[in-house]
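Input: a single structure, listed below in structure tokens.
Note that the chains are named A, B, C and D in the order they appear, and that numbering of residues resets to 1 at the start of each chain.
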């Protein structure tokens, strides 16, 4: 789960990583007290979990109280890439002399956490990686030994720093690595890490916690459902234990197993259809899972036909068939079923007038036509 | 021949007495896998059908392990198997924290143990042994090695292959997580070494660049024909498509990039799953 | 530093290791409140850092309040192997069905922490190790990976336990290993770990913290000087940064370097003398160190001569000579000096009438004679 | 020849700018050791006399390291040296937590790096290189290898040896802590391999059973004559005699036991330090 900037910065503060002083506000009424504490000018930053909020007008500089109130009001009533802004981070602006990048990611191929650092901060690091890979340092961290302080000094030193500055930078990198480990993060980034007359300062913060670790990272558990990361239907699906991704087409798609559902989307697309969603009920799903899947698809507007693609391995086709009968969506349903207990399933569904297919491509074609 | 497991491999099931563990222990045994015992700490001494249950893996004389424990116990269970040098250790469990996965995999590497998964359907050497949750009836002995990031999509393609009389030496799900033990490259290497494998099917999906790296490896080291399918051509960026690893980040991890890389080294990539058998026939 | 039983048990409680309920009291007045909380009967256990307190009468069983008060009074006024008893642990007695041993030590040769476990608890484990080594399980713990739960299950299972008992025992062992790691312990032991009708219970507790880790194990830092582990002169020496061990002879011995001082003791002994102490001023010692060393020896009663043995490597003999002149002990001093700046030292000391030797054995002989 | 270091070994000093580090850097250089740089994080870029100071070990082209940092920084400093494959890494620092020592030593073993210490005076190959704090003027080139748990006691015995014209190939303090890297056995092995070493002096003390194990090893593998001295015959049980490792626990670690074990395998043990040269002469 992605954390908001202000949440990540709260953790930075716990680890003594210097960040610009700031407070989160949820409404204009609270802003006054914050302005009293911070003084003027301030920067107002929309707290949303998508990139590009600056370009979208979600970051504003205010010199007077009136200006701040007006801008806060504006930002708190705005949507950025479809997400409503509910929170603002109000900070004292820093005098930026230079912007760096430091972060940790998981290297899937090396199977290790990797420290990334660059003197080219404040811009998209993937862009830097693509155009000038030599400007990024990469250090693999042994998953058993963990991050070591000397590794951070090596990086800070190669970034060109000396003396106390080198040591401060190394300490920031080390603490960041400790957060990555302690909090089971998938990604942690300071971009930019600014150099100011007061030393280094984390101006932005990105922190993504591994969802699979929430059983032990209990401090984040309750944040999970508040998160803006998912649409309301996606959250409903999550609560039902189903993997659901919202798309903007009109063919609803349900299948068992992530790979098969992805392939189903591709086949629908191949025949000129537009998938409305990705919905994986998983291997060995029950009738109840199937029913819930249909309910969830039904919540989505603009779905004109539904393609159900079941390959019965562990999944029993008759079980799925019974699930299909438990919910009656308002649009035509095209079912492809094969494998375990296929005959029984066929019998159950034929009785109720469902069209059944054996081939995935035939079913997909029909669903596209049915729109 | 086959890779990793055959009819002689003595298998212990960790987390044997849970719902999943019980079902699949029996199913594997029924298929002919040499299941020598199940392990559930605290339940040692019982019998589960004709499978004896133990408290510790140490009590079982086994060569390989398959793990069904809940994700929070995966690290400990895997370290237990690794400590005894069992190999492969197949981690069926999904939702394993990535830090635990990295720890297990690094330690296994040091101990020269093969980890399959986590979040894998496991593997099958048809006619010899099933070490996973794959539906064995759709498989058939034959000359094709298959490796895949996906479960049901694999079954779909296997089914088409078997119908077309293209049997398999071994089929292995490498798992859908971002960090996994046996990966495309290490599995391709085994298939290359296996005399009975005459051609290889590699099923990829969006996310990461494992397929691109596999393409480079195929060019350099694989002499056998390889056919591929890549799922997720219509997936949007930034969204996890079911599997934890199936996500396009920025410009990396797209199906286009993978298909391009594979085509560039002479690996045909099927547009739709059912086309795989024909592509194989064209090359054999 | 060794912790007292009650201190170690406090840590056990933090780690959910089951121990018999008990309270520490420092005087008979507090005992009443404790008896009210615990009920009767109780066991009163002298808190001292030496073994054999049971045989010395430091552990008593009391059935009535009067009995408890009387015994507490007795124990709190007793000395065990020269150590005054200042604290009592008052516990509810447990119904013991069997006694086990579990603990962790540092294996110096294997260079790893080692888990020890035996079904022969309640007795001296070194005795068991000597007579029936096969009754002790030993498991080496990887210093990088640390203790793993499965290792504890293996041990618990081999001790003959099954089901829930096996799991509880494994958990106790695992927690004990975690304490060993978390607290930088050199030794941790539960002996006996009793089986009672309520399950496992730690009846005694031994925990030795690595003195070298006190910079990070700050919770123990203040205990350090309260500890009964050292005699008052030993503590004075420690405060002065000198390594001092009290012995019962009459030849005071000061030297530079632990090995050389040990050898000095041996040589004095060889010539029929009895060393009064071990005192190492360390390599590269200053005049001030030397002066303090003499002051410390002077505190010790019954010293009849002092043998100072200096091999000047990094240590400068003239510096040491100046230190000797700064304190005038009441007994004769025999100085052996060799090495760096030996000549200057000789001059300084000769002027003040000190006898100087070049050979260690000659000086030792003289010091023995001088008694 | 010599073991571990010679005149070609390029040495980096970690913790070079502290009082001890500074003094001994200059002293080692003066002796002829090839000191190529000092490292103190945050002080890089300075010169200490003619020794350049760096922020990181990575910036120095070195073969071996000697560490003088305070004990709380030892683990990090040692891991830094190990990460670059420097060997030996000589840990002069005393009061290192035993958990840190075990960690460093285990990791060094995996990386095939020799650790000397912690809490060691280091080593000297007379006439070639000093990598430690031993007083070099008492040493002399010659055919005797010396290994010891003690510092000043070593100097005492070395001085007697040098006066008796018994020079040294290498003299190494293995350190006075309970857990150390190079120990009696691994050092004996090196002396056995070293052609120029004709006889070995092994100085032990109370605590542990390293001398007993060394005796077994000598019996099995050492063909060269070995002479010993054991300090602490009059030490009481349960008390630390200066060194953290010098403590008799129960019945283990007594001087008697060690002397008995050594005598049993034909190693003469001197009653007093000054007798060592005569014992050596008897055997050569």
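Here is the rule we go by: contacts are C-beta pairs under 8 Å (C-beta built on N, C-alpha and C of every residue); 3 or more make two chains touch, one makes a residue touch a chain.
What you are looking at is a predicted structure, and each value in this text was computed from that prediction instead of being measured.
S.K.: Can you give the whole-Å distance between the Cα centres of chain A and chain C?
M.R.: Their C-alpha centroids are separated by 55 Å.
S.K.: Give, as an integer number of Å, the spacing between the C-alpha centres of chain B and chain A.
M.R.: 27
S.K.: By the touch rule stated above, which residues of chain B touch at least two different other chains?
M.R.: 107
S.K.: What positions in chain A touch 2 or more of the other chains?
M.R.: Residues 144-145.
S.K.: Linking chains that touch, what shape results: line, ring, star, complete or other?
M.R.: other
S.K.: Following the definition at the start, I'd like every touching pair of chains, please.
M.R.: Chain-chain contacts present: A-B, A-C, A-D, B-C, C-D.
S.K.: Across the complex, what residues on chain A touch chain B?
M.R.: It comes out as residues 106, 108-109, 111-113, 126, 130, 142-144, 181, 184, 186, 210-213, 215-216, 243, 245, 247, 255-263, 265-270, 275, 278, 280, 283, 311-315, 338-340, 359-361.
S.K.: Where on chain D is chain A touching in the complex?
M.R.: Those in contact with chain A are residues 41-45, 55-59, 76-77, 79-80, 83, 107.
S.K.: Please output the residues of chain D touching chain C within their complex, sorted ascending.
M.R.: Chain D residues touching chain C: 71-72, 95-99, 101-103, 105-107, 121, 133-135, 138, 148-156, 159, 176, 178-180, 183, 203, 205-206, 208-210, 213, 229, 231-236, 239-246, 249-252, 255, 271-274.
S.K.: Sort out for me which residues of chain A touch chain C in the complex.
M.R.: Going by the criterion above, the answer is residues 144-145.
S.K.: In the complex of these two chains, what residues of chain C are touching chain B?
M.R.: The contact residues of chain C facing chain B are 145, 148-151, 153-154, 157, 162-164, 166-167, 170.
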